[in-house]
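Which chain is which? They are A, B, C and D, in the order written, and residues in each are numbered from 1.
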Amino acid sequence: MNSLLIPSGAVSASTREKQGESMKISATAPGEQPTILTLSKVGKSFGPLRVLKGIDLEVQRSEVVCLIGPSGSGKSTLLRSMAFLEEYDEGEIRIEGQLLGWQNTDKGRRRAPQSQINQVRRNIGMVFQQFNLWPHMTAIGNVCEALRRVRRLSADEANKRGMAMLEKVGLAHKANAYPAQLSGGQQQRVAIARALAMEPHIMLFDEPTSALDPELVGEVLQVMKTLAKEGMTMVVVTHEMGFAAQVADSVIFLDQGEVVARGTPQQIFHNAEQPRLQQFLQNYLDRNAFWQDSKPPTPNL
Amino acid sequence: MKSYPMQLDSCFGTKVFSKTLKSLSLAVALALLPLAAHADQLADVKKAGELVVGTEMQFAPFDFLEAGKQQGLNAELFAELGKELGVKIKFLDLPWPSVLPGLEAKKFDVVAGPIIVTKARKERYHFVSPIAEATVALIAGAKDDSIKKPEDISGKTVGAGKGSAQLEELKTFAATLPEKVTIREYVDNNQAYADLAAKRIVAVANSLPNISYVAAQKANLYKVVQPPFGKKSYFAYLGRKDADADSLIAALDTAVTKMHDDGRLAALQKKWLGAEMDVPKGDFDPTW
Amino acid sequence: MIFDPKIVTDHLGDIGSGFLVTLGTWSSGVVLGIALGMLIAVAQVFGNNFVRAPLRVFIELIRSTPFLVQLFLVYYGGPAFGLSLDPIPAGILGLGVYGSVYFAEIFRLGFESVARGQLEAADCLGISRLQCIWRIQVPQMLVIILPALINMITVLCKETAVLSIITIPELTMVLTGIGSETFAFVETLLMLCIGYLILVELCSRLGMLLESRVGRFMSRQPR
Amino acid sequence: MFDWPLLQQNAPLLLDALWVTLQVSIAALAIGFVIGIVVGSLRLSPVPLLRRLGGAYIFVFRGIPLLVQLLFIYYFLPRIGLPNVSPTMAAIIGLSLAAGAYIAEIMRGGFLAIPGGQLEAAGLLGLSTSQMLLRIRVPQAVRLTLPALVNEMILLIKASSLVSVVGLADLTRTAQNLAASDYMFIQDYLMLAGFYCLINVPLAYCGSLLERRLKEQTA
């Protein structure tokens, strides 16, 4: 539990920014748009309930954005909309300029053909709260499946790349294990490897550590941190405020389907102005404060 | 699904299997024990005031339903027999393959049917005097000109009732023909007639009274192929062949002979079978 | 009356061929039923309402009427509608169609039992619907539905006894035939019991073997 | 090809026969349910011998075709000195014994779906085994398995089409008899199918309704 609390300015996002600065610049190839993901006025209703109320958001290449907020705030729905797992019904989501999920016709807009959705989605990798590994395939089988069936790589090639991805998340030695034989943390790392294998330009994480036992959270966050350092563009829905504080370039606080606050971790966690955000952070602190009288343990990240 | 899985029974191992076999063979062993009780069946029937008759209601013109009521020769003939014996008659309708086992299991006193008297059957059951001729003939499609005499079925497909004497007769006849006859066995004759109408088979073998009735009812569909190919044979009612049954069969025999003599039998034959029939009185030797 | 083994030995050829006919119609009916059932289930789970509604009606009609009645209508009623089949093809068709609606229900529940998230993951990776059904859903649901599947297959085994009404010389037909020919009702009935128990037992054994094979990934122990 | 006057004449006869079919099916379901609970709990008993016993019961009554079971009960049990029962009784006994085997498997699934903690709690409160079975396990298992039991009823009604071999004039036998005398095979069999649907389609609808409700409650 090394990253639970919000450190008072110790390891800040700015430190990391400096570390990653050179990589980020190199990651943006000349001529590419710096903005990779654009949301404008995105809205979504489930029946009478309006869960997203016109969200605007831009994510730059190599940026790490964390979405925080109380449960039911719409943060997961927003993230799932970015992969078109939810059909948002207002506004637009564009990935590298391409409209996601819909096409505009004379008679208004209608769902784009699946091939077109897949075309836009190629650039997205998604990691789920429940891992969603396919239990009847081994770790390497999970990673290679889409490489073989979608990218049409040969068995050898797929295997080679799959092993490299497992290596990256530190699980090359578990390549032939079935999901049931892996811990939750290991399963989530395989799921990350599976998404990475398709070389996405942007990775979406939907509460990737919420389903894990506390002692397994660290290994997954570690992998995500490494990814961030390497310049991967990431949007993360999380309850791990420590992770958000250390890794995020910007933090967005959602409540009741609206963006209530956005800013650097410093601005959000230390200079919160909005009462709703203050309340949220206070609740979080109360829940996690086991050091009431003594000094908080020092994070060693 | 999850809450009520149709589980595979993992415990059905060989042990249970062999145990089951053991208990089954025990049941068989018990079944083989001779039944001790000796009684006089006629006295029993008279005491009960009721003669229970097993039959099949799909055997026109002997037994069939019309508007839900039993009709045919059997109903009227047994009504007379009941008068002679001074008992009421109760009919029990069963699919034909169940009728003889039912008689052996004492589910009823006699079998109506009637069924053809054969040597093998005479050894097993106690027959009452015959009541009609049963010589086997063919029924074919009314418009089928390729079947004009029995021998025309050579090389074709023909049907008959499963487990019937008529089927045996057909098999014997088919063996004498130059080309192989394919024989389909039907659980009841009516399905054979249906298949004949559907032209899957070219003819059905059954006793003359039965097919004459069918052809008369549905002249646009069926015709009787003359002459009958079978040897002369007779229909009769039957009972169990054990000591206690003797008295009942003897009483029925007397009653049938009486009806024979006073012309009641002939009248019934004329009414239901179209013509009077010359049948042997009392015991006789079947041709096969 | 005595259990006469001669009844069995005298008719060994007939009994054997009856056994084989039962086995043959049964297995063909099962294969046809599973194939049809899979098609129906896929159409039900993934199709639109124009496909689903008539399928629903078909399933209800087949499930609501005895196999005996269906078989009779197909075989004896078929020629009136221009469908004149020989007994064995008609029997296999009838058995397959009857089984298919039950198999379809089993498959439908199987499809529903695979967690939605796994399909979302496949969707995000660009795996097509057909690939998803074949590579991800079918192998997993097989494990879950196997007991129900085996159960239904054994039910079909017993339904083959009804095929005698369309003159197929299967085990029940042969043995009851021998019974009425020789009056050896006890022997033939016992043979029937044993014959079907052997077939059903064979089927459950095969099922257990399969279960231990396809279900390996569910185990927590590494191989 | 349809003969309406004949249809009007036959319909009331089939309706009467439907009643016979329903009577034996309902009686068999009730008796089979009791057998099912007993055998189903035997299958889950901690005593290996009892488990075996339950297993053997299911093996025999599920493995042998109903037709053969009915013949056995009607024709051979009397030979070994067991009472010579009427056709109706033979049909009910045969159907119940077979239904019992299927319901036992359904109930076993239902029993297994009840969380073990509940029984531990009941045990700590001092409930006896039989009290636990009747007051806690059966009511919950029935609720969980109600859709499957409705389904079993449909199967039973269909299976009862075989009871004519013991001399009972059920729906199927009556239709066959009618067809044998009026030669309108297709019409009579279509009517027969229609009468089965009359009962079974609403039953199936109830079943799926119950299934949906159960899914909502447990979800």
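Here is the rule we use: a residue touches a chain if its C-beta (ideal position, glycine included) is under 8 Å from a C-beta of that chain, and two chains touch if they have at least 3 such contacts.
Keep in mind it's a predicted model, so treat the numbers as computed, not measured.
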| item | value |
| --- | --- |
| Between subunit A and subunit D, the fewest steps along chains that touch one another | 2 |
| Centre-most chain, if every chain is reduced to its averaged C-alpha atoms | C |
| Chain whose average C-alpha position is farthest from subunit A's own | B |
| Distance from the mean Cα position of subunit C to that of subunit A, given in whole angstrom | 48 |
| Approximate Å spacing (C-alpha centroids) for the pair subunit C, subunit D | 20 |
| Subunit B and subunit C, separation of their C-alpha mean positions in angstrom | 35 |
| Between subunit A and subunit B, centroid-to-centroid distance (C-alpha), Å | 81 |
| In subunit A, residues with contacts to at least two other chains | none |
| For subunit C, residues that touch 2 or more chains besides their own | 72, 76, 80, 185-186, 193, 197, 201 |
| For subunit B, residues that touch 2 or more chains besides their own | 2, 5-7, 9, 12, 17, 20, 31, 97, 101, 104, 194 |
| Contact graph of the chains (line, ring, star, complete, other) | other |
| Chains touching one another, given as label pairs in label order | A-C, B-C, B-D, C-D |
| Complex contacts: residues of subunit C adjacent to subunit D | 60-61, 63-70, 72-73, 76-77, 80, 154, 158, 161, 172, 185-186, 189, 192-193, 196-197, 200-201 |
| Contact footprint of subunit A on subunit C as seen in their complex | 115, 117-118, 120-129, 131, 135-136, 139-140, 143, 216-223 |
| Residues of subunit B that touch subunit D when the two form their complex | 2-7, 9, 11-12, 15-17, 19-20, 27, 30-31, 33, 35, 54, 57-58, 60, 64-68, 71, 92-95, 97-98, 101-102, 104-107, 188, 190, 193-194, 217-218, 221 |
| Sites on subunit D touched by subunit B in the complex | 9, 13, 16, 43, 51-52, 55-56, 58-60, 71, 74-76, 78-81, 84, 87, 105-106, 108-110, 113, 144-145, 147-148, 164-167, 169, 173, 176-181, 183, 185, 214, 218 |
| Interfacial residue positions of subunit C with respect to subunit B in the complex | 1-3, 72, 76, 78-80, 84, 86-87, 106, 109, 113, 144-148, 150-152, 164-167, 169, 173, 176-177, 179-181, 183, 185-186, 190, 193-194, 197, 201, 204, 207-208, 211 |
